[in-house]
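Both complexes below contain chain A, partnered by chain B and then by chain C.
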Partner chain A sequence: MNHTRPAVIDLYKRLLFAASQIPGNPSHLSKEKVRIAFRKNSHLESHEQIKTALSRGEFVLKEIEALISLHKYRAMKDRYTDDKDF
Partner chain B sequence: MRILVGVKRVIDYAVSIRVKPDFSGVVKDNVKMSMNPFDEIALEAGVKLKEAGVATEIVSVSIGPEKSVDILRTALAKGSDRAIHIQHDENVEVEPLAVAKLLKKVVEKEQPQMVLLGKQAIDDDACQTPQILSSLLKWQQATFASKIDVSEDKSTAEVTREVDGGLETLKIKLPAVVSCDLRLNEPRFANLKAIMAAKKKPLEVLKMGEMGVDTENRIKVLKVTEPQKRQGGGKVADVNELYDKLKNEAKLL
Partner chain C sequence: MNLLKCVRTSRPIIKHCVYGPQFSSFNKAPLLSKRYYSTQGSSKSLVLVELTPTGKISVATLASITAAKKLNSHVTALLLSTDLEESHQEVQSTEGLDSVLVLDNDANKNLDRHQFNIAEYLEPLITELQNEKQYTHIWAGHTAFGKNLIPRLAGSLDVSPISDVTQVHSENKFTRLIYAGNALSDVESSDQLKLITIRPTAFERAQKTEKKAPVDKFQPKSSFEQDKVPTWVKDELSKSDRPELGSASIVISGGRGLKSGENFKMLYDLADALKPRAAVGATRAAVDDGMVPNDLQVGQTGKVVAPELYIAVGISGAIQHLAGMKDSKKIVAINKDAEAPIFQIADYGLVGDLFKTIPGLTEKINQNK
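For the complex of A and B:
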């Protein structure tokens, strides 16, 4: 069981960092959501279950990153492009 | 081929800007700061060129107060090899001309084949630094790039740039100054391993006063104000009132 521990911590830290950048939400609330999600799965024992949870976490992280870059792109496009349908 | 990338520390794009009560500028204390989004794009362009085997080294340079180090560490985490920090005191505004002169000094020392910059910073929106730098260096320039192709012998580059109503493709001789527009690429997120590795990458700190460059401000800011607030709309009860308003208030009829 122990050899998944570094991977879990790595994912946890990356998620915390990404959560702090979600536009609109106060960062401490988003971070708390990450903590709750990890605490919910803290009882997991079997290797298989942990792997599934990890891959789900990776998926969520990708989604958050996509959300942040899209928000930034849109903000920049709104501010600096005159031609709206370009 | 070495590439120099300029990055600026600005107020984060998502923060709502507040003007100081005395109209001398905007509030910068306790406000989230991050890398200028267009500089992120420039950095990503440099890193992509390195990954394609065109460039060998990416050097990031930032001119700013002590805390700009954070931005340079981010740049290092995103794939830059070295960083140079030209430090000045807090609350000093450096004008595009001075920035270009400082960058020229760095260029003379580092001898890059290409300087990649964001098209403009989202705080002062000057959009001048790349242009001034290219004329100071007497290099060719390609501004608002949305695509960069470097030729195989690395002596020229084809840059597609966004102009009013279309795209324009320029062939420029290297070394050159290229400023990056929004649609050039999508900046990446640094992973944890890269962030940790960035702490060990070399970062050179120089003092702005010791660069031997005239950085005196030539522009005086008279007043900074917020944009006019939009006036809300109103409801009309019936057609007569609408007609009355159109005729007397809007003077359309």
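For the complex of A and C:
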């Protein structure tokens, strides 16, 4: 029954790391959100439900990663293109 | 070779090789490909001529002719409309054509010219032509016309179409863009017939020439019941004196936060107040909800914009939308949810109810004029 546990912990850690990278927000607040989200689903028992929650988590992680890379892209563009007069 | 990934499909029709964008040899053909050019005359190309509403030969068609000519093949242009003497002349005197084929069908005579842009109508005729003449390549531009017709032809001729080609390497090897233009894919086709749409901007336009290509006529035998084929009703273009979304220096986009199509009027008012006048865009969510027509859509599947100033109103910031505007110089976000992702990439953010802030902003701008 416990064989999704490593996957959940892995996702949790990756989300914590990604949350700390979100630009703008103080990282402890973002991390707290991850904790809350996981605690909300901590009662899940059935394999199917856990799988669904895991894939949802993966999706959120992908969104966060895309957002971070987009933020970096904008920062680089801002730094290395010279027309700042607008 | 700068090969990152090579995928072979289970059906050995097309071989893909995907290159990363950093290795892109987008504008220069590899040296190797020269070798293929020596196979002169072994291929037979058919270019489907697309006419503009005014009866001129379209840019996409001129580019298709250039692309077809890269194979040193015998290039035939298929003119679908019979009644336009003017377009005949124009097509005939285009450089690179070896012959012009005109569809000559009594049933065609009295039809509206636009009828010849309908794929359901053309597909049986071109299929018949192909079965008779056995071309090796059929080319069209990657426009609404080509994107509509080529897949349909591919279905009836049972070949795999190759779309949005940007480079022609040899008779069966092409480069095309994949993943919304983020990677290049080398495609090798083993089909007898290659159905290709080309990206019009990737090839030069064929020039005018004094020499006129000879005209042949083709009489299709296949007849079909008129009432089963869609007919052209009318052409309705949304005309506006506003700047075009793709080239405007200020773009104001609205999302689901605007709640209804009428509320987009606020954005139009703001757009008119600004100087230079702004273009109005929308997110996919707003388009899918039917608030605005889909030509306003900004994002991965819509228009990609890069204005000086981008104002996102009531947009939470789905990644697909952000990808369509990430090259904007300055991004301003107005949203009532302070945690919306759009604020992470916006240069200026305003947390507030857009139904108050937008009219207020418009008023302020008008006062300062």
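As a convention for this text, the second predicted complex is superposed on the first by the 82 of 86 C-alpha atoms of A that agree within 3 Å, B and C clash if a C-alpha of one lies under 4 Å from a C-alpha of the other, contacts with A are read in each partner's own complex, and residues count from 1 in each chain.
As a working rule, a residue touches a chain if its C-beta (ideal position, glycine included) is under 8 Å from a C-beta of that chain, and two chains touch if they have at least 3 such contacts.
A quick note: this is a predicted structure, and the numbers were derived from the prediction, not measured.
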* **Contacts of A:R14 with chain B and chain C, given as first, second, both or neither** => first
* To do: Tell me which partner A:L67 touches in the superposition: chain B (first), chain C (second), both or neither.
  => second
* To do: Check the contacts made with chain A and report whether chain B or chain C touches more of its residues.
  => B
* Asked: Just chain B (first), just chain C (second), both, or neither: which does A:K77 touch?
  -> both
* **Where chain A meets both chain C and chain B, residue numbers** => 23-24, 71, 73, 77, 83
* To do: Sort out for me which residues of chain A touch chain C in the complex.
  => 22-24, 63, 66-67, 70-71, 73-74, 77, 83, 86
* To do: Show which residues of chain C lie in contact with chain A when the two form their complex.
  => 308-309, 319, 322-323, 326-327, 329-331, 341, 343-345
* **Complex contacts: residues of chain B adjacent to chain A** => 13-14, 37-38, 120, 122, 165, 182, 186-187, 189, 191-192
* **Complex contacts: residues of chain A adjacent to chain B** => 10, 13-14, 17-18, 23-24, 65, 69, 71-73, 75-77, 79-81, 83
